[in-house]
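Here it is: the structure, laid out below.
Letters A, B and C mark the chains as written, and numbering starts fresh at 1 in each.
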Amino acid sequence: MTRPSDEQRRQMLVDMVSARTQSRRMWNLQRQGQIGTMAPIDGHEAAIVGAVHTLDPSCDWVLPQYREPVALYRYGPEILEHVMLYNIGHPSGGHIPAPIRVLPHQISLATQIPHAVGLAWGLTLQDDPGVVLVFFGDGSSSEGDFYEAGNLAGVLGAPVIFLCVNNQWAISTPTHLQTAAESFAAKAAAFGFPGVQVDGNDVDAVFDAVHTARERALAGQGPTLIEATVYRLGPHTTADDPTRYVPVEDLEAARQRDPIARLRTELEASGLWDDTVHADVEAAAIADIDAAFEKAKSTPLEPDAMLDHCYSQDTQRLARQRAGMLSGLGDQDAGGRIS
Amino acid sequence: MTELNMLEAINECLHAEMARDDRVVVLGEDVARTGGVFRATDGLFEKFGENRIFDMPLAEGAIAGASVGLAIAGLVPVAEMQFLGFAYQAMHQIAGQVARLRYRTQSRFDPAITIRAPFGGGVRTPELHSDSLEGQLANVAGLKIVVPATAADAKGLLASSIRDPDPVVFLEPLRGYRGIRGEVPDGEHLVPLGSARTARPGTDAVVIAWSHQVELACRASDRLSEEGLSIRVLDLRSLVPLDLVAIAEAVDSCGRVVVTEESPQTGGFGGEVVATVVEESFWSLEAPVVRVSGFDVPYPVGMVEDSYVPDEDRIAAAVRRVLEVA
Amino acid sequence: MPFVFRLPDIGEGLDEAEIVEWLVQPGDTVARDQALVEVLTDKASSELPSPVAGVVLTLGGAEGDLLHVGDVLIEIQDGSSGEAQAPPTDPARNPDKAPGNAPVASPAIERPASGGRPKASPAIRKLARELGIDLAAVTSTGPGGRITAADLDAAGPESTASPTTPAPPPAVFESSTLGQMTPGRHALRGVRGVIARNMAQSWSEIPHIHTFDELDASLLLDFRTRMQGMGRTVTPLAVALVASARALQRYPLVNACVEDDEILVHERVNLGVAVATEGGLVVPVLEDADRLDVFATTAAVGELAERARSGSLAAADLRGATFTITNYGSLGGRWATPIIPPGQAAIFGMGRIADRPTVVDGAVVVRPVLPFVFGADHRLVDGDLLEAFKRSIINDLTEPLRLLVGA
């Protein structure tokens, strides 16, 4: 077993606390009408942060679904800035600049999984170092893309880590209605590579499992499917009401297994954490997200920005539409021929 | 110059592009060891090996989705859908991901992806092998749609498509693979995307067509010239980007237009061409625009196929109608 | 100025919410993100947190009230001004484009000139064709150089297909509209207008004389029958055309007109042949009729008539007649006073051939009789010339074999 160092564990708790703090701030912003729909992170922190801390940002890629980006501090402050741009609906929210090896939010579930396989494959074809870590949920593992991509990854032996964060719910669908398989990890048998289950609330276990998978991949031994078991402690998103379907006693029991509380207790016992540290971390997180939010809100938006970056160069039609938009005449094709 | 059929021209282009740029990789079902079910990729595996051309598992979604990942990694994937009708199995990746990678990431990545697919009728294929989906794909912003009609253009347009930093769906007419031959320039030959060409000059009316219909339109026009009619054929070559200026010039010069395509009429790309003609050249029109197309039914079985796909007779009849002659 | 917090849309398209419970009261000090109120929507019950820190001033409603998205929820004195809203959608403009490779500057869309052809809507083109107007000869006054309906109305006689003839009929024939028009005033325009102008011009400018007569058509009909028996087609109208051409060659002053105080004697013999069609009277022109024999004339007239009836005559077909034949007999008439078209000096009208009692060698017999009339411009044609001209044609019609021997 590969155990993270004390320093790594401390840093991981900083990331986890920051992620939850900022996620809650985003929740409030949504309730204030200041940002759009968001997916809170409560309960997922250890599975995400523990995994990401095994990676080398200078060569490893992270392909998130949509819950994870707030926890990807390891890849730099630009991630949070772009999360806030994304949240206010600014087009540049999706442009995480090179050389940061993180893709933006993927709304269409599981579609990022074949991308991850292609990307990992592309790295090996060019003898580039690095692995690809792709996140998805229990619900996403029912999509065709999961099976097609898993199968392809097995055939290719590509350096991909499939990390299924099983939070027990796909909105209101519990896992026993999602699959009849013994576990999500068991599905790896169909792909020809190992499937591993791990307690997603135990940051050390997650770190160890992902580290092992990374080593396998770097050694050319191919992909791994890791199922990290957690519990979704909050709603699916700001548009969801879990009180309609989550059994209260299950939720209460899950709260007892809160990953932040668990790691905090351990670090406090080692003298690496206390209330002051905790408060400071929360305050710094708030300051960071406030700054990112202000920066996002003051990011310029050209009147024709909507038409940029569909193609590398405007087609004749797009050029007309752009001219129409900029002329303010309301005629979509104002370059045109009403003459 | 060498006389080649369209298949040979495509194969020659793939060889040249793979030799020119190490980043070009080819992937698809049966493309490597057997050289493709039509031999379009013949010889590539022997020359470039198993790290440049790949026999993929039978999973169109994964082929298209993996292409996205390969492009993110900085490669230039040339993916094959064995028949365009089976691209339906990959539509969520083609329309939702391939087409949007640049827009979503605001050009962080160049999705230099080419998706090749044979399509079109007249060769007695089973279901879903001949369907024309170009109208549906043209409505996906972010894709380019390229439709060569000659062997020379197949080589020149494919080279431009592979080198284009945007995703291109490159459609190859089944009937043209061996049925269309012509002089093809040797060496590097590039035809720009978004540029139509006059396949046949004429002054009385213009037939706007693409892919294999161009050949049929030219034959119909040759026949009509014996009756003293001078008919121009405009080969669009690209549906997206569409050459609005060329369409306007062709229609302004004569005011009488026929549009012909294989797809079902409703929602076919022909409607987009007609709308363009009306928008660009309304004041030049002498007669209503006439459309020739497949019927509003799924591509039919072999026994009735020939009545479905527009042929020389139907195109000629449409031209007579637009000229208001018996 | 207080901070105004309006009820946001918190549920992807909700438009109202019920206030369930206030968690603060006016006068309370609140922190940013502190829960202010619990609201109920049809999706869920939610707490709404404060966007600002400050002191609560007023509440926007009582517990149980229904608020709409955008209604004031609460006002808080926070020492600054403004409202919590979604971030402004167009902040300061900045010349820097969005990140990544900005698109290359849009290519200028150069439009070539429209091939030198006149610009007109399809409707105007159709009208022009009906009026026999060549668009290239029309002055355009519409936007962008388009030819308008007014431009067509203003188009002078020079731009019409022929100075004399009414428009070709519409391509699509309607079911009988003969004599149909609704009571009230109508603009005298289009086909009708052209005809009206031409008729008025001719009638006012040309002093008409008319002379009426009949001839025995026995040999004419016999000629047709015997030709038929030999597999050749000949019509009485064709014989009349050839006869007219011969007469015009003999008496060139009849193949002329008065124009601008001059006598214009035409160089060619072009015969206008009036054809009745469902769309109206049409007068296609048989050019150089003096060069055609009776068989060629029959074929040519047949083809012209067919094209006239199918609406496929071109403008050129209606131009340049020097003499006109109108076969109103095909409509059943016997006598008429036809009007000479402008640019000509005479007109030959043929009535319906019908059996009549006639005197031959002192006995009354029944013969097929062709009634006819000649109209002439009395400025050029006096009675003696008219009688001589008439005589030539009567002789040919009475004995068609004369055409074959060139007598």
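Simple rule for what comes next: contacts are C-beta pairs under 8 Å (C-beta built on N, C-alpha and C of every residue); 3 or more make two chains touch, one makes a residue touch a chain.
Please read these numbers as outputs of a predicted model, since none were measured by experiment.
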| item | value |
| --- | --- |
| Most remote chain, CA-based centroid, reference being subunit A | C |
| Chain nearest the overall Cα centroid | B |
| A-B or B-C - the one linked by more C-beta pairs in contact | A-B |
| Centre-of-Cα separation between subunit C and subunit A, whole angstrom | 66 |
| Mean-CA-position distance for subunit B and subunit A (Å) | 38 |
| Residues of subunit A engaged with two or more neighbouring chains | 91-92, 95, 97, 308-309, 311-312, 316, 320, 337 |
| Junction residues of subunit B, two or more chains touched | 105-108, 244-245, 248, 281-282 |
| Where subunit C touches two or more other chains at once, by residue number | 98-102, 109, 111, 144 |
| Contact set on subunit A toward subunit C in their complex | 24-25, 28, 30-35, 37, 88, 91-92, 95, 97, 238-241, 243, 296-303, 305, 308-309, 311-314, 316, 318-320, 322-323, 335, 337, 339 |
| Sites on subunit B touched by subunit C in the complex | 105-108, 244-245, 248-249, 252-255, 281-288, 324-325 |
| Residues of subunit A touching subunit B in the complex | 91-92, 94-98, 103-104, 108, 111, 113-123, 125-126, 128, 132, 144-145, 148-149, 151-152, 155, 308-312, 315-317, 320, 333, 336-337 |
| Residues of subunit B touching subunit A in the complex | 25, 51, 56-57, 59, 61-62, 64-75, 77, 92-93, 96-97, 102-108, 110, 141-142, 144, 164-166, 194, 240-245, 248, 279-282 |
| In the complex, subunit C residues that touch subunit B | 98-102, 109-115, 117, 119-122, 125, 144, 146, 171, 312 |
